[in-house]
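Next, two complexes with chain A in common: one pairs it with chain B, the other with chain C.
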Partner chain A sequence: MTAQLETPAPPDAPPRTPHRVPLWANPRVGLVVLLVALVVLFSVLRPAFLNTRLTLTPLQSDISVYLVVGLAQLSVLSLGHMNMAVGRMAATSAFTMGLVHDKLGAGLVLSLIAGLAVGALLGALAGLIISRTGVNSFVVTLAMDFALAGLITILYSGVTGGVAFPTMPAGMSELRSDTFADYCIGDVCGPRVPLVVPFAILAALLVGLLFRFSRLGREILMTGANQRAAELSGIPTKDRIVQAHAVSGLLAALGGFLLAANNGAFSASLGDSFLLPSFLAPVLGGTLLAGGAVSVLGTALGAALTQVIYKGLNLLQFQLDQLQLYIGLVLLAALSLDRARHVLAERRGNRA
Partner chain B sequence: MTLTATQRSTLPGRHLWQAPEFTLAVIAVAGFAALAVATGGNLLSAGTLGAFFRFLAVPIVIGLSQMVVLAVGQMNLSVGALTGFCAMAAAWLMLEAGLPAPLAVLAALLLGLFAGVTNGVLVVLTRINGFIVTLATMTIIQGLRYGVNGPDTFQGYSPGLREFGRASILGLPAVFLVALAVAALVALFFSRTVPGRHLLASGGSPFAARLSGISNDRSLIVAHGLSGLLAGVAAVLTVAASGSVNATIGDDLLLPSFAAPIIGGVALTGGMVSVTGTLLAAFLVRLVDVMQAQFGINPRWVDLIIGAVVLGAVLLGTVRTKLQERSD
Partner chain C sequence: MKRIPLALVAVLGLVTTAGCTKKADNDEAAAAGKKPADVRIALIPGGAHPYFQPWKTTAATAKTDFTLGDVTFNETSGWDQTKQNDVVKSLAAQGYNAFGIFGVAPENINSTFEDLKRQGFPVASLASCPAGDVDKADFCLSTDVEQAAYKAAKAAIDAIGGSGTLAHLTGNKVDSNTQRRIAGVEKAVAETGGKVTIVQVVTDIDTDLQTAQKAVADLLAAKGSQISAIVNTAYNPAVAAAEGVAQTKLPIKVIAIDDDKTILDGIKDGSVAGTVLQNPVGQAMVGSYALMKLSGGCTMAQPGVEVDSGSFVVTKANVANYETDRQAKTDEIRKDFDSKYLVCQ
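Then we have the complex of A and B:
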């Protein structure tokens, strides 16, 4: 599901890479091959990798969280922007969910909606500052990250006296531990898929539809490809920037909710680990930092690949330092290969 | 001293008080005076003042390290991790390999330079955005940093180096003077040397630089190499100023490394640097830190305040530019 603008670049824009790349040069195909190869490798080295209950089910929960977090970053990468506050936005939203439940006694759905709303508002605020002042998105969201990091700890210690809410809305523990196999209609039970997975799939589908078919999504991509051209074409680019950042905040909040469901608590440190994976998934999947093009399917594959590597190296009992070392090396290798493929494809295209 | 490729500061019609650094300097002096009064003069006592400047050294150098890559329009996310890794490597060389302190210091600097050049070469060879390349190398270096000594702490290394970390010259800590000297060298590099001017030209407009016969690739490698070298300097200062190092060194340096140049008025788009601005901004951030310690405020408020200050400084800069454009 790649959404890319096929409008010709205006004459004063730098030449863009050609849109038609052969199948073998498609980064998604490379990712699938790499993913399959790694799963086979890990299964051969450690048969426990294929254990459904111990490995595959938690793996699906992890992929769900980081797919949504990757999509949060993807929404602003579409503009050529960054969201450095993705983790803190998630943490602030999770705080709201905990607050609404713990102090006001709201249920799961209401807490979730309140949290998502706060996430979207934070994103919109970042977008508003960026579009009204013209300050680089990196700076604005970095400053926001600083500010929210301070705010979250103060809020938690003020409201809960600690770093986490003592209670969770009813239904959160089911989201954490149950799979569809626990729900049967007669003799037919569901697959061993955690309950959080549909949230991520739904989010991915909606984001894909947004960027592929909706007017809003296309106009966001257009703004990302060339803001001035978009402006001249009558697109309210400032509004589009605010909306893209709001979507990013909303998805960050959803990612925070899913992680809280997996961890079993709304805590202050939630989202600390979001920043690096949020870039890894979309970038591995072929989404550019320059804006104007996104790949939702690639993001899903990128998220799956990173989590498979983490899980596999964990099972092979790698230490923390080696884990980081290999993740970094794999990232560099994957990106360099991708680049090499592109160069080759371009060269071949020129000759033909 | 704001230096751009076109040397904006020499254009007619610009007064000293219009320079962004002037506002910063006023705020810094006012803030320092206010804090001195509020603490009843405690800030001016020799011990407090010494500590104030001693722990200003690393933020200055790390801010410059980020500024150098910002000058070519790149970012270096690996500065913090690299500082920690070089510090751990230096301590390991002294304690485990038994190297004398000067050699270990030299090795740490070379290690930083090597890592920086590697970043630059990777950016040039792969044509991948520097943000992503250094994100990857940051992860790798974090792994290496932890690998030097696991979760354990190194302490009790070279007494000479520790002596240097504690020493004062004319009432100012030696490490702070080293940081100032490094800042002066960086300023000189950008204003007087050919590679420095090339670097700013590449950052300002890569296309124009290429047409003028400047190798943008070389500028990228020089910038990243210099950034790594400065991270090495920060590592040496850390080892000297603090009596022990462990694998968490550098974790809290990444965000301040951006805060200093950005508050100091360095644009992320490249083509300009401001050594004075970066120095003053690091001073301001340190001022907030000391204020927190003096009044026993929750340290978390510091993050909140610094976030607000970064945003405020940037907004102020935008407003000023708009006003100037209108008056021109």
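Then we have the complex of A and C:
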């Protein structure tokens, strides 16, 4: 599902003839082509890339986590804001999930809901500070990241005496290790898709629906495109900022939950590696850093692309320095091609 | 509009739960019966760190000595458990069928071991054991970090004549191994009955040498005159403390860890009182040996057993010949695996 939005024209603007972007210039199409090309290339170089159990199944789990993390960043990129605390929000929420389960004996669903609530509250708090003080979101969420990093350490050492909860709710280990192929109705078993994947798909659908169809989503995008204009149009922009950040916190919490399921523990270091991928997936997918336009499908493709590159280079057994160099080069090439395609499309459009 | 997501949730829930039965877990493949030439071992540290560099050369030695199919060394995990899991699975997909792993997150690593065991691969937890009482790997061959920290603190207490103050410099606080090291130092200090106290525990400074150097400079500027000895239980702080104390010429006894050239030179010229060495070569060599045996059909007498790979206090008195002790310990552990830990038909 494509969920890219463009800034709606103000009601009194003269009608614009829609500028048709050729199919090949659509950044999502470019990403799909690149993705297919890389999958073919890696499969030819290393047939093990198509190994279902050891490559494709874990790849789907990884993409699920980074898609949700990308969506968490996308929610605030829609405003032209950033969430530098995306990893620590995930870790704090995961701590809540562990706490609710370990100390109160709650099951999987209740623990998840508690964690999501804490994530949303943290996001809302960041949004509240940003909207009320006018301080840049980068600064506010960076400060929050530092504060939460300290808080997480204190909480874990105070509650668990260590750095992780010793127990997980029933069902978490199945989320990590099972695929739908393990579950059958009669003789018909599901596809080899990990159980964490539907969480990410559902999150993507809901975020897509939010920004494409709901009034709230469109008002957030309007706020991101031009806050002053949005205010003058009667949009409560401060509330929209709080709500967008709350969605970001909620999704960060979900990302933390999925990573905890994949890794097997609610631990203090969870989410440490979320920050860069959280930007990479949406930006590769065409979401603007300046705000006002988002692409959920693009984020999914961006997350898939980065994980495919990482997996492929891993299978080619690159050494550390080469791995970093090539990941950087491939991403740079991807972004440059996308930009070149965009410029070319613009020129053709202008000539037409 | 709001009904669409709700309906979706309901449909997904129904599809995933209604009438499903779970297939029996039959993924486990037999690991037994492989000839050494068919055994392909992957040695996977948590990330790039000088401590693991001997594993690289030992991998090549083990391959030749045991005539193994292959032994690879992969340090691309970047100190991230998710990345390490990915590296492990990629290597398994590449045909590596026995794994010696230093888990990035001791609290999570059992899940990784469990996944590998489910697929029939022999697994060794090398240089670090999982946190908690359960080890899902076949065995853990590592420095007993609490014991090594205890030895280091004892050496420091001896060096200052049994009374004074200690500073403890160590690694990432949210790592259960760091917690064990802190416990080891505290244990040695508690045994002095109050004659020795800990002035400060500095954590999270093993990320790189610059971070450690800055922390040491700050510590010496603020409390240099109050500290009698510095106990280091992480690599970068040890190097930084040896340099820092030598530069400031403060009368502080430094107990380091591992055998970086700066540290060995410091022991020789007297600016470092001693160091506690670990046994990375022994871990990689004996670990590979035991993995080969497990692949060939041997089993563990006690699955998940923890084996201490040894820690050695080196001072000026034995700085010239410590390698002999270390090699002797490696030989001894290998014999123990043959006689005690492994059961072979």
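Going forward, the second predicted complex is superposed on the first by the 332 of 352 C-alpha atoms of A that agree within 3 Å, B and C clash if a C-alpha of one lies under 4 Å from a C-alpha of the other, contacts with A are read in each partner's own complex, and residues count from 1 in each chain.
By definition in this document, contacts are C-beta pairs under 8 Å (C-beta built on N, C-alpha and C of every residue); 3 or more make two chains touch, one makes a residue touch a chain.
The structure displayed is predicted, hence computed values, not measured ones.
Applying the stated contact rule after C-alpha superposition, one finds that A:D182 touches chain C and leaves chain B untouched. Of the two partners, chain B and chain C, it is C that touches more residues of chain A. Of the two partner chains, both chain B and chain C are touched by A:L323. In the superposed model, A:L142 makes contact with chain B only, not with chain C.
In the superposition on chain A, A:T153 contacts both chain B and chain C.
In the superposition on chain A, contact is made by A:R46 with chain C only, not with chain B. Of the two partner chains, chain B is the only one that A:F279 touches; chain C does not reach it.
Once chain A of one complex is fitted onto chain A of the other, the partner contacts of A:V33 are absent, as it touches neither chain B nor chain C. By the touch criterion defined above, A:R339 lies against chain B but remains apart from chain C after alignment on the C-alpha atoms of chain A. In the superposition on chain A, contact of A:L289 is made with chain B only, not with chain C.
Touched by chain B in one complex and by chain C in the other are residues 153, 157, 320, 323 of chain A.
Those residues of chain A whose C-beta lies close enough to touch chain B in the complex are 82, 129, 133-136, 138-140, 142-151, 153-154, 157, 276, 279, 283, 289, 320-329, 331-332, 335-336, 339. Here chain A touches chain C in the complex through residues 46, 48-49, 51, 53-55, 58, 62, 65, 152-153, 156-157, 161-164, 166, 173, 176-178, 180-185, 189, 195, 198, 202, 205-206, 209, 213-214, 259, 262-265, 267-269, 272-273, 310-311, 314-315, 317-320, 323, going by the rule given at the top. Contact residues of chain C toward chain A in the complex are 1, 4-5, 8-9, 12, 16, 18-23, 25, 27, 48, 72, 74-76, 78, 80-83, 85-87, 89-95, 105, 107-108, 110-112, 114-115, 118-119, 131-132, 172-176, 179. Contact residues on chain B toward chain A in their complex (touch as defined above): 75, 122, 125-129, 131-133, 135-147, 150, 255, 258-259, 262, 268-269, 298, 300-308, 310-311, 314-315, 318.
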